[in-house]
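Going in written order, the chains are labelled A, B, C, D, E and F, and every chain counts its residues from 1.
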Amino acid sequence: MLKENSETFFNCTCPYEKAKVVIFGAPYDGTMSFRPGARFAPKAMRADSYALETYSPYQDKDLIHFPVFDSGDVELPFGNPAAVLSIIARRTAAIIAENKLPLLIGGEHLVTLGALQAAYAHYPELCLVHIDAHADLRDSYLGEKLSHATVVRRAWDILGDGRIWQLGIRSGDREEFIWAMRHTNLQKFDFSGLDTVFRQLQGKPLYLTLDLDVLDPGYLPGTGTPEAGGVSFTDLLEVLIKIGALNIVACDIVELCPPCDMSGASTSLALKVLRELILAFAIK
Amino acid sequence: MLKENSETFFNCTCPYEKAKVVIFGAPYDGTMSFRPGARFAPKAMRADSYALETYSPYQDKDLIHFPVFDSGDVELPFGNPAAVLSIIARRTAAIIAENKLPLLIGGEHLVTLGALQAAYAHYPELCLVHIDAHADLRDSYLGEKLSHATVVRRAWDILGDGRIWQLGIRSGDREEFIWAMRHTNLQKFDFSGLDTVFRQLQGKPLYLTLDLDVLDPGYLPGTGTPEAGGVSFTDLLEVLIKIGALNIVACDIVELCPPCDMSGASTSLALKVLRELILAFAIK
Amino acid sequence: MLKENSETFFNCTCPYEKAKVVIFGAPYDGTMSFRPGARFAPKAMRADSYALETYSPYQDKDLIHFPVFDSGDVELPFGNPAAVLSIIARRTAAIIAENKLPLLIGGEHLVTLGALQAAYAHYPELCLVHIDAHADLRDSYLGEKLSHATVVRRAWDILGDGRIWQLGIRSGDREEFIWAMRHTNLQKFDFSGLDTVFRQLQGKPLYLTLDLDVLDPGYLPGTGTPEAGGVSFTDLLEVLIKIGALNIVACDIVELCPPCDMSGASTSLALKVLRELILAFAIK
Amino acid sequence: MLKENSETFFNCTCPYEKAKVVIFGAPYDGTMSFRPGARFAPKAMRADSYALETYSPYQDKDLIHFPVFDSGDVELPFGNPAAVLSIIARRTAAIIAENKLPLLIGGEHLVTLGALQAAYAHYPELCLVHIDAHADLRDSYLGEKLSHATVVRRAWDILGDGRIWQLGIRSGDREEFIWAMRHTNLQKFDFSGLDTVFRQLQGKPLYLTLDLDVLDPGYLPGTGTPEAGGVSFTDLLEVLIKIGALNIVACDIVELCPPCDMSGASTSLALKVLRELILAFAIK
Amino acid sequence: MLKENSETFFNCTCPYEKAKVVIFGAPYDGTMSFRPGARFAPKAMRADSYALETYSPYQDKDLIHFPVFDSGDVELPFGNPAAVLSIIARRTAAIIAENKLPLLIGGEHLVTLGALQAAYAHYPELCLVHIDAHADLRDSYLGEKLSHATVVRRAWDILGDGRIWQLGIRSGDREEFIWAMRHTNLQKFDFSGLDTVFRQLQGKPLYLTLDLDVLDPGYLPGTGTPEAGGVSFTDLLEVLIKIGALNIVACDIVELCPPCDMSGASTSLALKVLRELILAFAIK
Amino acid sequence: MLKENSETFFNCTCPYEKAKVVIFGAPYDGTMSFRPGARFAPKAMRADSYALETYSPYQDKDLIHFPVFDSGDVELPFGNPAAVLSIIARRTAAIIAENKLPLLIGGEHLVTLGALQAAYAHYPELCLVHIDAHADLRDSYLGEKLSHATVVRRAWDILGDGRIWQLGIRSGDREEFIWAMRHTNLQKFDFSGLDTVFRQLQGKPLYLTLDLDVLDPGYLPGTGTPEAGGVSFTDLLEVLIKIGALNIVACDIVELCPPCDMSGASTSLALKVLRELILAFAIK
């Protein structure tokens, strides 16, 4: 007697061997300074994904034609961010080693660092595309080096100058914006005039990290640090479809906080972003 | 001792005999596969309607000058969709028989079918204007012919090819979109370029069904199957005012799910849509 | 790469072949006349079960020593109660056929009927132990024979007089209480003086149906039709441990409505009831 | 075409002329210093009352046999407590004038004062039975004489010494408890040993005011000023049935705050209290 | 041992003597006819303000460079609007007397009147800039002169014709819109074409009152009377930065209702509005 | 201009020098494996404490007569439990050094360890009274030594055998209960028969840690790991008043999780516990 139901994203039934994209969840929000709850995102997204069509009228493609495997969540020790990151790195490395594309579902933004470390180990030319409301460029936060507020600075420790593109940023302290001028390519507020950016990214091995709070809280109230003044869903969709056509080698979607939006609309939106992102890869 | 308060939409006090529009509620959500709760919409809308002005600055008209009667809710047997539809059809037919315009408040989208049957019986030339996020064109859903996901397909069983206009559709499986190309007039995503459509609809007896989830969940999180990427309230308002000026013979507003939006903002929006729709009829 | 996490009750990893108890979920609430949401119970219980110890200090037993298999949820067509019941009956029959104990997680109370039919087919001497706030003895409800409010009456259609014990009942119309006097053994309000009952049940093949709303809403606000004046958790626990030691051949736990209790405390309580019930069987 | 549904408590259809009990709502919470929301109680109770049986297994009586009329809510000017009270007094007086029993549904506790004034005008021997967690004996609150926190003190201004019985009180400042020793009959914490009280109340014309927060918040979280340590529902039920058999000439149930308990369990409990109270009167 | 934490907006530590802007809260919502809860706005905003950056990338300025003092909340007697207004007026007058700019955080819109009276006493040429969804021009509401729905009419009693600019108005009864044509400068729906307005306001001593419900409920569901069809956050931001550069002598932000938006996104938005408004003043 | 309002528990205005009890908050929940949110407890309790009377009718004492200072919250680095504990230890040590009684408000249970370390440094004979639903005796949890699930085991590392009393425990794995038999004095389920315990504790310097989840979730749904089957509020109250009369040298109240109970009733209960505990100390 097999189980009739399965708790996987979009009921994916592709066997691991055939998968091109491997999803895994990192239910961690241990450094969140404001509202926790991002830990519940992978579970909430799996649970609600049966309610979303697998077909995208935007891209006229269907998830059922694209081999995706859901490898479940990693189990993470709350209270030990370094251990958390190394568990995430290990899972990511294993996926990359088999020539598959890891797609990490956070959790808070710090989880990105584990996956990025693993991706960088395999792709020394790796660049980072960072879509977010927050610059996340602090060197430390409340004395800690590992924090959701320092994650892109830690990424820079690995990648160095000129390898990070930051899009949609509308929050940070003054020092972060000044620091970014010398070390990253930072686009404030929205996605206007990204053509040059897309040309620059062409051909490079890219890690894409999408902090969903780049969206206006009107579209996504379900996030731990909502920032008024964000982009619309359709703006994000357009950018994701373009970026997805580039050479993405690893990626993540982070900072959905389901308990902050009991309506379920935020979780539903995150799932649509996930669907469209996978389908954007699908032309490769 | 008369009751000072009355639970009617906008405190309507028009006697039934003089009414041109007759509202009734169909508190049914028995085939919803995801989040139920649309059954509470008629009650929630009545309860909150006293907080909305009867005057519209958009159309410079006032509900108090237009004869509307609220005939309450029909009592519906959960678990028997066929019986539900025939009860709705009976109420609709009674209203049409007295030359009044029935305005049904759902409930889930399946309730439309009952009212449409009754309207078609009286208006054999009936056409359907379907504003929605979802195509609702499946032939069956989980083996059932009567479902919120099949309602427009069932409408087509009645009306046939070329009699259905679908506006704002952004969700469905691939087959539904392909099927629509041959059998309905389907406009994807938004309301751009509807001038031709309005010309086509001119003079025809129209059933208007408005599934509120055509709105972006940013505007209306209170719905059972939220779909990111929808239209704005002002876009919808503009279209409704235009359509309201056509030959509407019956109509409904469905899929408000009050428990999905505890803020009450979704219910309030639905009431404003209701007010503006009635006022749009009022020029006749 | 195996999945590290698994969505099963209490992380049960017992293979089906070795299992003595087989759990399955019936996410259906299609005839609920008041607050729906019981459909979410199986998912919510699975998701939260990792937070509960497998060890019971009450019975000094541990779930990890008892072979339980979680066979997932059946997929049910909302809008067709008869089809729903036959799907549930089929799953139940399959489990009984392999000499295992089916443990159904609702959903609303109507789901009991499907499992009871299957159990009766195998155990013609079957008796029903019905723990509930509501008598559920109406012959029809809003004209329908199949309803959460008629389920025990339908069970009587199958089992006949003197085969049904009803415990904790504190709600119903007058006719139901009068009818019960002639046809069932009904204990009002609480569990006082059940010793005779336990003696009567000794040795008989029993179907146990537990409607969680027998608990006072102070303990379990997360149910669709809360009835003030119920029993306490410890009272229920004591009775369940005694009943579990009898000859239970099939059972269910129904009417948890997770969206009615956002604190998660009701889901957590339901899980503890489930744990203790399985452990009560474990002495056999 | 009559309305099939009607928004009245328990679907009461008794005509006003034949009614012995007349319910009305006073949706006012304008002096609440902590959590407002009691204004929504009458509407929420009406809306949910269809989900409660009219039959009481506790008293073996049925509401359908007892003539109750729901006269709706009075419209009250927020911001003007004196005007609020005089509107309530007028409605109460009209009901009493026709020899019917007014049953006021608050709203906050201040509303009691309006009804009490009207009852006192008709029954100069009036005594007050006050069931509550709070003493409500302050002479003024934040400088105001009219407040939910002063209402029983204002009642004393009318009735004088020895005419007020306070039951279940577990909150107040030290002065209130000292003052009560000289002016009222105050029973702390619970309902133990009330036999003497019941003897004292025999035959007197009684105004019964029930502040639902006398219940432990475990039973009734939906109230504006929850006070841990209250009585149980069954304790309250027993006392109400006894008091209901006395000579009640007017009464109220106040301080249900529906938005404080989204589960609806508190509203449901309040309705059961209302049902049992009316049925307790019914022996007369 | 000093307290390490302090409950002030944005952790402001400027001493009162050096402050140019003095914030205070007026936690009052006693005349709200629909959903109360604005009373909780000052506390909720203080509590959440630590999560917002003090630096604005929009204006490239930082709150830490601008002297702001948080003087806490005034204590207000619910149930007595006249007393409420005079307490607010007193606090406002004290701040103005020391040549500081009072910034009042409501509370419902009526609180504006107290601050406006004090400002007018000091600035007889005072003009009012009123940004709101509602006209608030009724002469009385449910018989009361002092109400959230009459506040701008009361302001006109003080200021007279031609001294009031109303922006973004999209709700009112017909009489209010007609009255406005003769007595105020009212711009309907949005902020298009305000250049003339800004020229008119140049140099005048201005009281700015911002009712946050001018925003679309998609951006701000957390308000007591949500009105679909409002402006976007970025539209409002642009206008506030322009108005802030004018001669504001007193101002307020009202009608945030935190319990209406449990996600916290509305409170967060209100804080960003507050930050940007203060920074807009900072050029002076 | 002084601030009229102050965010302290119960508006305490006692200067630090005169205080006997010093409260501080530790808003940390970084190792919670299930529902986070205990971080919000100190703020929520302060914010709501104005709604509670300072007078206790249970003990006939008043907080205003007892010198309590609220020293605010410590700022804690999420993601580094060791640093968190040392900050808490430092604050506790400073309070003890001045001969005052530290009263720590969590946060999750791990915070106890910091305060206990500081108390033990000053009182080498220190014993621990641990009131909780959970044994918290694991040696490590998910590989971590510092966790809410290991805190009493860590306390034992410091105090050793026979110095720990555990009351009300009803959850743990089998090993914890076995381990407790040899190393601690563990009372299961409730507080029956504690007289011997009170005699044993007489005269010893005691650290009292109260995990509020010892209460049944019916009384306190607002906690991160609710466990059905707990004690009642009045049972707890009785025990606290007895223990408070012993030689308490430091204490804490932990695991209130305000976002898990939006009604505010749990926060209100926690405040009453805090009030009664302080007043129980007051006889010394």
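Going forward, a residue touches a chain if its C-beta (ideal position, glycine included) is under 8 Å from a C-beta of that chain, and two chains touch if they have at least 3 such contacts.
Just so it is clear, the structure is predicted and the values come from calculations on it, not from any experiment.
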item	value
Shortest chain-hopping distance from chain A out to chain F	1
Chain copies touching (chain C, chain D) - same or different residues, decided at half shared	different
Chain C-chain F separation of Cα centroids, rounded to whole Å	38
Euclidean distance of C-alpha centroids - chain B vs chain F, Å	55
Inter-centroid spacing, chain F versus chain E (mean Cα positions, whole Å)	41
Multi-partner residues of chain C (at least 2 other chains)	33, 75, 216, 218, 221, 261-262
Category of the chain touch graph - line, ring, star, complete, other	other
Interchain contacts (touch definition) - all pairs	A-B, A-C, A-E, A-F, B-C, B-D, B-E, C-D, C-F, D-E, D-F, E-F
Touching residues on chain C, where the partner in the complex is chain D	33-35, 169-174, 177, 188-189, 216-218, 221-222, 225-229, 260-262
Contact set on chain B toward chain C in their complex	29-33, 36-37, 39, 75-81, 83, 110, 141-144, 146-147, 259
Chain F-touching residues of chain E, taken from the complex the two chains share	1, 3-7, 16, 22, 25, 43, 46-47, 70-75, 94-95, 262
Chain A-facing residues of chain E, complex	48, 51, 53-55, 57-58, 60, 62, 216, 218-219, 221, 233-234, 237, 261-265, 268-269, 272-273
